[in-house]
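Think of it as A, B and C in the order they're written, each chain with its own count starting at 1.
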Amino acid sequence: MKRRAFLRFATTAAAGVLAAPYVQAQTKKFANVTLRVNGFGGAFDEALRKGVAGPLEEKYGLKVQFTAGATQADLVKLIANKSSPPYDLFMCDSSYVVELLKADIVEEIKVSDVPNIKRILPGFREFGDYGVPFNVSSVVPVFNSKYIKRPLTSYSDIARSDLTGRVILPAPDQIASSLYLLGMAEENGGSISEMEPAMKILSAAKPNIVALAQTNVAELQMFQSEEGYAGIFWDGRAHELRTKGIPIVTVFPSQGVYSTISYINVVKGMKYPEAAYAFADQLLSDQGMLAIPEALRYGVTTDVKLPEDLRRDLLFNSPERNALRKQIDWQQLWANRSGWIERVNKTIRN
Amino acid sequence: MLALSKERDNFVPEADDLVVELRSVSKYYGEVAAVSNTSIGVRRGELLCLLGPSGCGKTTTLRMVAGFVEPTSGSITINGVDMTRQPPYRRDTGMVFQSYALFPHMTVAQNIEFGLENLKWPRDERKARVEEMLRLVELPHLADRLPAQLSGGQQQRIALARALAMRPAVLLLDEPFSNLDAQLRLRMREELREVVRSVNVTTLFVTHDQEEALAMSDRIVVMNAGQVEQIGTPGEIYESPETPFVAKFIGWCSLLKGTVGPDGSFTSAAGLRLDGNWSAGSATAVIRPEHVRLSTDDASGPSYQGRVLQAHYYGGATRIVLDLNGEQLTMQERFPFWRHPKTGDLLSVTISTDDLRVIPAEEDRR
Amino acid sequence: MKQSLLKRRSLTLVILLTPMVLLLAGFLVLPVLGLLRSSFLPSTHLLDGTGFSLKHYVHFFSDTYYSSVLVETFVDGLIVSLVCLLIGFPTGYSLARLTSAARRWRMIVVILPLTLSLVVVVFGWLIILGRNGLLNSLFVYLGIFSSPKTLLFSRPAVLIVLVQQFLPFMILSVMSVVTQIHPVLEQAASNLRANRFVTFRKVILPLAVPGILVGFNIVFVLSISAFITPRLIGGARVAMLGSLIYETIMAQLNWPFGAAMAFVLFVSGLAFTVALNALVASRFTVRG
């Protein structure tokens, strides 16, 4: 090597070495940031770690910490610690967003902050600019095809006389219960403010009901151990039962499906809005959006193209079906719910 | 000396009128015999005492009579009825426990009434009997007290009243004075005797205290290692023990091993010679303190020189252990205080052989 | 002299009791007072608002549903306590009459279930009582059932599981009191012509009453406040106040009403046990 050439090489090399940290800092712009998110636990959090948190750390050095817990308890914690919130992002279903808004502890998220918001399907942002919907879970009638030969077609079918002592329902304090009650009301001419038809169906179904499951895991076990052959359950859980070899059929009620949407919310006063937006954007990207359906077969909220195996399994897999997803007035549902729980308790127990 | 009761000399229990009879009774705990092949009869109206060191089987025997322990073999009859396999509550016995076992949640009156209730006595008869028993033990003012509010002596009297209230065929007493202090023990002994005599109840009584046994009993059963050593009146037991064990256990004595020669005189292993007319062969001489006297001029028989090994002053008398030609003997004498013997002193003594017991070796069966 | 000794003694007493009193005051009395206060809030949501209202109590007592659940809860508590007593007394009694060496491993068997998490115990029962569970398989195999039956989600199932959970408390309290009753008293009774039954009724039982009461109170209070077992085993069809309170607070977020129910349960439970104890004490303590 000639001296000149060497000098030129050395200068370039030195410049490169000096510039390296700067370049690093440019790409890993959230290197020292950790987002604290309440988790739902289990496979759900795992899917988000893989499809959302993993890519974010790779791209930005952003760390995401999920703390699994019961949403109810986490919500109480958040409301009780407004000044120093224990979470940066709060993940919850539609019903709890009502509480978040009432407590005034979450920020709006606009499409200007999170470009992928424009990909969200119509009707999925139930609370205006609050919360980013990333997943939809539906409460549907299900039955075990090994024992039940006449398929169920609606929520009200749980009162069918051939199902005596065979039906399992989520307990009244579960949000799933409020949804199927609403379904039974609206299938029979009632509405969110006129629940009498639903209570009539429930009274008629009383001899059918084996148990009211207090938790999803308990209900899963009941179907698995064949304590009952028909009932109402979450679509993703029905799929889980199928993977365990139980021939559970998911019914798409022809008059409409009642679902709850999972949102990610930015907690007021959190320190890294930019990181939060990056999280939301990744969540709404193809990779992020398909993570949960791939793991749990709960539905998507964007125009992402569904691979064939997912399209076959998911409840909402066509524009026609999407149109049958009922819009729910969560504020009113949340306000009326106590009365419904009391009514169900009295109906079932006496 | 021990005061033997004489006031009941007019009472002679019939030898063949047995209230309780144990025939060849044994009790084994695994390989260990607590009682082996024991036969005892309790005569109507008598006060029979089971006497022996702890672990001799006397308490086990009493508990077999009460029904708390089931014999391994043999039979037990009460008033002629076989009770061997009957539960305690079918047996006509009344027991006073060592710890009295009064029911702490019942008053004195309720305790006494308990057995009568179970016997289905009518209420007014029960009440009358309770009053009668309280008068008998001289504690009518304590009827409504709880056992915890009573002294040890009072508790014992109530326990006695409770047992006697049922008019049992036999009264069983398990070491009844062992929980009382020495002074109270003497008084209670007298009282108990009086009460038992006044109601004329057949009594089987267990104690390890030979003085108690001698003072109270009509007859004594001396037990050792699960077997009967001797049965007899206090006088018989004391004066003519049939085994060295009985001799040693009852009263204070020295046992000299030796032989009886053809002339009927006894020579101990160390060479002490006692003249007499016993049957020849190896034998054991039982020498009690009262047999040994200081030599006096008018004393009959030979005089021996003894060296004082120990001298213990007991208020009234002095107990002295003497070395006589290599044999140790105990004697008891009153000395003026200026002549009080000391260790090493030489004393001249005579041994009265008139009522001296020499036990032939073949009678020493065990 | 005597005065100062007394003073020193009472000072020692104060020092010994202080930590306990502080602990109870801080973690029991204060929260209970907080509970009492929140039960009078007019709101029906979390701990919102201020003010004073009796509406939650009125709601509870004017709706026969809630009062009937309260009564049912008490009946359940009584049944569980009585069954525990019936099973626990012979067990506790026989344990007390063993030598301490023979008692040791049996005690471990009695205490072991208490060391397990309640959730583990309840899921164990779900497996045993399930439609494809141990008991159903056994009964079908033995021909007692022609096909598996639903054993779970019923009142008897809840009561059985509660009995299993709380039985050790009864066994332990009976055992500890029976060890204080000297066996010679039983022999004395037997000598006084009392058969086993009379001995039990007139001697053992009255003397064991303090232990039975302690066991009964513990089991009763634990039973009426149970909520996990009725929720999971009863499948929400079995009404017990504990699970209603849980539901009201956790699912409906109606803290004031939950607090009111909790307070009603607290006061009525306390009143019931005090009354029971007074009754039994007057019946079994010595007359005269």
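The working rule: contacts are C-beta pairs under 8 Å (C-beta built on N, C-alpha and C of every residue); 3 or more make two chains touch, one makes a residue touch a chain.
For each chain, UniProt lists the protein as follows: A = Extracellular solute-binding protein; B = ABC transporter ATP-binding protein; C = ABC transporter permease.
Just so it is clear, the model here is predicted, and its values are computed rather than measured.
Student: Remove subunit B from the picture; does the complex fall into separate groups, and which?
Tutor: Drop subunit B and the rest stays one piece.
Student: So, comparing C-alpha centroids, which chain is the farthest one from subunit B?
Tutor: Relative to subunit B, the chain whose C-alpha centre sits farthest away is A.
Student: So which chain ends up closest to the centre of the protein, judged by Cα positions averaged per chain?
Tutor: Per-chain C-alpha centroids ranked by distance to the global centroid put C first.
Student: Averaging over Cα atoms per chain, report the distance between subunit A and subunit B in Å.
Tutor: 93
Student: Measuring centre to centre with CA averages, how many angstrom lie between subunit A and subunit C?
Tutor: For subunit A versus subunit C, the centre distance works out to 40 Å.
Student: How big is the gap, in whole Å, between where the Cα atoms of subunit B centre and where those of subunit C centre?
Tutor: 56
Student: Could you tell me which residues belong to subunit C and also touch two or more other chains?
Tutor: Residues of subunit C never touch two or more of the other chains.
Student: For subunit A, write out the residues touching at least two other chains, lowest number first.
Tutor: There are none in subunit A.
Student: Taking the touch rule as given, give the residues of subunit C at its contact with subunit B in the complex, in rising order.
Tutor: 182, 184-185, 187-195, 198, 202-203, 206-207, 284-288
Student: Would you tell me which residues of subunit C are touching subunit A in their complex?
Tutor: The contact residues of subunit C facing subunit A are 44, 46, 65, 68-69, 126, 130-133, 150, 152-153, 231-232, 235-239, 244, 247, 250-254.
Student: Contact residues on subunit B for subunit C in the complex?
Tutor: 66-68, 87-89, 93-95, 97, 99, 101-107, 114-115, 118-119, 144, 146, 162-163, 166
Student: Tell me, which parts of subunit A touch subunit C in their complex?
Tutor: Touching subunit C: residues 72-73, 76, 79, 99, 165, 171-174, 209-214, 218, 221, 225-227, 337-338, 341-342, 345-346, 348-350 of subunit A.
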